[in-house]
Amino acid sequence: MQPRDKIIVEGVSFSYGQNPVLKDIRVTFAEHAVTAVMGPSGQGKSTFLGLFNRLWDDVPGARMEGDIRIRLGGRWLSPFSADLPLPLLRRKVGMIFQEPNPLPMSIARNMAFPLKLAGLKDKAVIEEKIRTALEQAFLWEEVKDRLEKSALDLSGGQKQRLCIARALILEPEVLLCDEPTSSLDTKAAGVIEELLIQLKKQCTIVTVSHNPQQVGRIADRILMLHDGRMTPMAPGAVEYHA
Amino acid sequence: GALDAFNGQQGTIRIAGGTAHIPVMQEVAKRIMTYNTDIVITIAGGGSGVGIKQVGEGLVDIGNSGRKPTPEEIDRYGLSMFKWAIDGVGAVVNPENAVRSLTQEQLKAVYAGKVDNWAALGGADHSITLYTRDEASGTRAVFWKKALEKGDIYSRALFIPSNGAMKTAVASDPYAIGYVSVGHMDASVAPVAMDGVVPTIETVKSDQYRVSRGLYSNTRGEPTGLTRLFIDYLFAPEGQQIAAAKGFIPVK
Amino acid sequence: MSDLGEKAAERIFMLCAAASALMTSSVLFFMIVLGRPVFREVSILAVFSTPWSPHQGGYGIGSMVSGTLWIAFSAAVIALPMSLGTAFVITSLGGPDLRRWLWALVRFMTGIPTVIYGFVGIFLLVPLVRNGLGGPGMSVAAAAFMLAVMISPTMILFFSDSLLAVDPAYCQAAKALGATRVQRLLYVMLPKALGGMTSGFILALGRALGDTLIALMLAGNAVAAPESLLDPARTLTAHIALVKAADYDSLEFRSIFACGIILYLFTAAAVACVRLLNRQGR
Amino acid sequence: MIRNIAERAVLVLSWTLTAMLCAVVLVFVGYLLINSLPGLGMELIFGAVPPLDALLGRARVFDGIFAALAGTLLLVAGSTALAVPTGVAAGIYLAEYASPSIKRLFGFFFDLLAGIPSIVIGLFGFSVAIFLHQRFSGRIGPCLLISAMSLAFLVLPYVIRSTQVALENVPATIRKTAPALGATRLQNIVHVLVPRALAGIVSGIMLAIGRCAEDTAVIMLTGVVATAGVPRSPLSSFEALPFYIYYISSQYTDPAELSRGYGACLILMATCALLFMLAYSIQRSLTYRSLFRL
Amino acid sequence: MQPRDKIIVEGVSFSYGQNPVLKDIRVTFAEHAVTAVMGPSGQGKSTFLGLFNRLWDDVPGARMEGDIRIRLGGRWLSPFSADLPLPLLRRKVGMIFQEPNPLPMSIARNMAFPLKLAGLKDKAVIEEKIRTALEQAFLWEEVKDRLEKSALDLSGGQKQRLCIARALILEPEVLLCDEPTSSLDTKAAGVIEELLIQLKKQCTIVTVSHNPQQVGRIADRILMLHDGRMTPMAPGAVEYHA
């Protein structure tokens, strides 16, 4: 089966005030694939990811040109169109950060948080969804007996999986990962890598990584960001650029 | 007794102005509020000028003054005046001070700042600390008119906001001279005879001591309701007794 | 949550901010409207040069301006060395335990109500001044000393913060070159911290200019301008407190709004100075 | 050599001056304690009246500081009720919504507001009261409500600034968490940012409360009186601790009254110092965790 | 000529509060030699250097046991003895840091600073010394025309040489270098390396470095710090531990 496109980026330029970061980027992302974005520090990788869920939206002076389209719920939508409210976009385009960022509350409350934000009330449904998402994130077995304990007491790897589960609970179609393993040790990172590969089935994944080995293991496609321009790369080529 | 009139009443009486009146006002208020806890009486000082203005503007119900309101003031606000006691104003010094008698000329010279050392008056060799009251004070107005005969008051004199404070200030400063209501004088300060007459309740009563004045409570228009009852109480035998007990000369 | 709620919330937040800002301007507005008659009927010059004697039609507040400046600047002059010394000990000279103690002490001092400084001043300081230095006791000296104690925690906090904000790399360089603690403080930290410290000094001076109770209770409130530290004096703030309840229509009462305007201008000047300094610092 | 002498002088002077400051504070506090401790007790507050009767309003306290204490409490409650919601809302606006230029402009206004002498604010409150009295109702004059409003105005900048700074200091990672999960701006503020910044906001509020409790100049012009009893309505005059202290300092008539003045000093100082210390320690502790709830 | 000992460390243990950093270290340093200290990050290399000039002196809770002796001016002295005042010790034991740290003043003032601290007044002498020290640090030619310009405008390598010159102006007998080249580019680092080798003639040098190649080039002796213990290492062995 020929993979279908999920995201199309057409001639996007981006700048923070006077500081141009991305220049005329054109690229497409295939559905159910892991695409990795690499490049030196400060080149705009995080900025690039943020385009898809408009995370830079309230940075004063940030300016974007060009167009992006994402196929959400079968329709092609632009993240910037007025008829797609920001919260809705962000529920469909989930994001994971470098530092795991559970909120200082119990595990269950962390998981229920996005549902409550979306206005869901039904307790039984919420519990069911929490369980499903934690299972998808390979975390259920480890935390099922301590759901009411603080999420801050989990280990680094568990915290990161919790954050992934928390993003998954909204059933996003796209998952953006900004160096999701760089604050973890090798073993915990391995679990996350495995998880991302599994999650391909459900979502389209765009990940930023500094680690060429890791990218080699998980990515279906690799993009290099340098000097504001983006170039695709053969998966085999990556080791030489480490 | 006279308090029975307050039976079943409730509400607030706001009093402000003359500070010479305050001990009497407080005692009366205490009796009324103990008798009937539904009545609230608030008492503020400020001086006679303040009392007249505030009652005139309607900010308080009773404005006290230690001088007779001027015809102008009476006219402008339609004041009713109630003079319920007679009082004098006399110079006082610290009890440690040996100087207990001055001529009127000496007193005027002291207050004008022309004599600034106790030695010149037969006391210790130390500068005189001069205390005075602010312009709103009825006590000052009377003292200035009758004792100082409208002479100058030295601009380096220390300002004191009330009769009570004047007494305290003189009591704690061995080189002080000030002036207070005769009713306020007690052992903590020593009265200074003027031209040989010591200001006391007796000399004021007998008209030997000339610097005297009435204590007034003023209302805007005829008093009504609680305010009326309060004024009546001041003139009732119990009220007059309180005035006497606080060192003033009752009018009845 | 609906979009409507979102918009409404933003409106409410903005309204609160705008209302608060508006209030500031309305203080000035009120004061100018109410104080205008003084400036209209008496020339500006007369407001400052005639003496205060309402009975004779004198509404001058010049001696209050002078009293305010005397007391505030004397207080600042007394507080400056004390605060500098303490800030030096807190930031460089003292050992760790002493530092912690001094910090606690300074914070405690920031919490002491002004009226209590005045209260203790009356019973403890005024007799001391009267017997020790002469004069009436209630004087510029008494008020300035208490005021100095009141503003020194502000100064110390600002001084210490600025000194500690100096790049540690500079301190380490000096240390490794054999600088003693005093040398490090004087030649490396102090020059860098001077801007922030000046801000702190101005703010503390502003507090001294704006304080009412200490001067009201300790300075004697005489209407003549002071000529020495032992003379009594009346500040603008105390003047407002003393004349407050007179006749609203009288010029006497209106003149206290002139006092208000002058105080407001002092404040605005201090704030502007500090802002300017901070901008230059960056 | 000059340099060396200067260094030595700085060293010696610093220590001497620090010792001096400590000595002054020690003498100050010691003097207060020695004079106030003997008078400390229930009678200080309630005089001869049984405390319960006083609290229930069945009897009036004439020789205790009960009315002043109650007045101060009501005053603080009133002014915080006015200043905190407004100030926090304005702080949120400045931190989360305002554009940089608005921030700078309003920032200047609030700095200015913070610097206005309290007596000027009192004068403002007083003129507003008179204005209302003349224009609207003869029943309105300087009173508890006007005092509370003026005090609220006095502490508003503290609340605004501490809220703003606390919000702006929330780390970027936490700031982005909720939006990435679909939170609206308001949801982010309500559920994440404010709880996280709570320590800073609360300590700002504490400082504000302390300021309300201790300020004398404002209330002197806006409705405090020497004798009033416990106020029955927001439109009545009231007593307050700081004014009581001021009043006693110049007009005490007997040693008992003076000793009540010392007692009032101690109570007020302890309250304010406690509030300030609390504010400082809250700033550092992690109380926000226990308050963090969705 | 058999090299003489300059520093003797005898059973030194060191801890920050409850956190032990150095354990029972015994080692000697030869005169006129470059000794390099290597080891993973956070192992206490900087702490170890700081022992010789008591740089940790006002860190609250820091505690040292054991003894150190340094031969200064021909006499064996302990940095901890009461009769060796701290400023004096630090003048004889100079130190260079990872980040060059010129003070925010002119180049000339930076150079004169330690002399003034030491109480030197004579202008001519100061000028003479500045020149000598700058020459020793290979910097004179580059800055002789801009001595009154701010030291903060120099390049990274120049700044570092200025710091070395500033330390040299006091004629220290021991020079401690804490990763003196790690914030510099390769070329600037090369100049510093060359400089350190030259300086052996005058001082005893103890340097911390992360760079095995560099250590191989400049060190006469290499010490590894690991788990609080110190072990000597053959100069040839170093490449394998990088």
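Some points to look at:
We call the chains A, B, C, D and E, going by the order they appear; numbering starts again at 1 in every chain.
One rule holds for everything that comes next: contacts are C-beta pairs under 8 Å (C-beta built on N, C-alpha and C of every residue); 3 or more make two chains touch, one makes a residue touch a chain.
Per UniProt, the chains are A, E = Phosphate import ATP-binding protein PstB; C, D = Phosphate ABC transporter permease.
All values reported here derive from a predicted model rather than from experimental measurement.
The set of chains touching subunit B and also touching subunit C is given as D.
Counted as hops between touching chains, the shortest connection from subunit A to subunit B is 2. Measuring from the averaged C-alpha position of subunit D to that of subunit E gives a distance of 53 Å. Centroids built from CA atoms put subunit D at 47 Å from subunit A. Computed from the mean C-alpha positions, the centre of subunit B lies at a distance of 83 Å from the centre of subunit E. Each of the following residues of subunit B touches two or more other chains: 16, 57, 161. In subunit C, the positions touching at least two other chains are 1, 180, 183, 248.
Residue numbers of subunit D whose C-beta contacts span two or more other chains: 184-185, 187, 250. Residues 99-100, 173-174, 176-185, 187, 191-192, 196, 288-289, 292-294 of subunit D are the ones that touch subunit A when the two sit in their complex. Looking at the complex, you find that subunit D touches subunit C at residues 6-7, 10-11, 13-18, 20-22, 24-25, 27-28, 31-32, 85-87, 89-90, 92-94, 96-98, 105-106, 108-113, 115-124, 126-128, 130, 153, 156-157, 160, 184-187, 210, 213-217, 220-221, 242-243, 245-246, 248-250, 261, 265, 268-269, 272-277, 280. Partner subunit B is touched in their complex by these residues of subunit D: 57-60, 62, 133-134, 138, 141-142, 225-229, 232, 236-237, 250-253.
On the subunit A side of its complex with subunit D, the touching residues are 53, 55, 58, 60, 86-88, 90-91, 94-95, 97, 99, 101, 103-105, 109, 112-114, 116-118, 166-167, 170.
Considering their complex, residues 16, 46-47, 49-50, 53-54, 57, 127, 129-130, 134-136, 155-159, 161, 172-173, 175 of subunit B touch subunit C.
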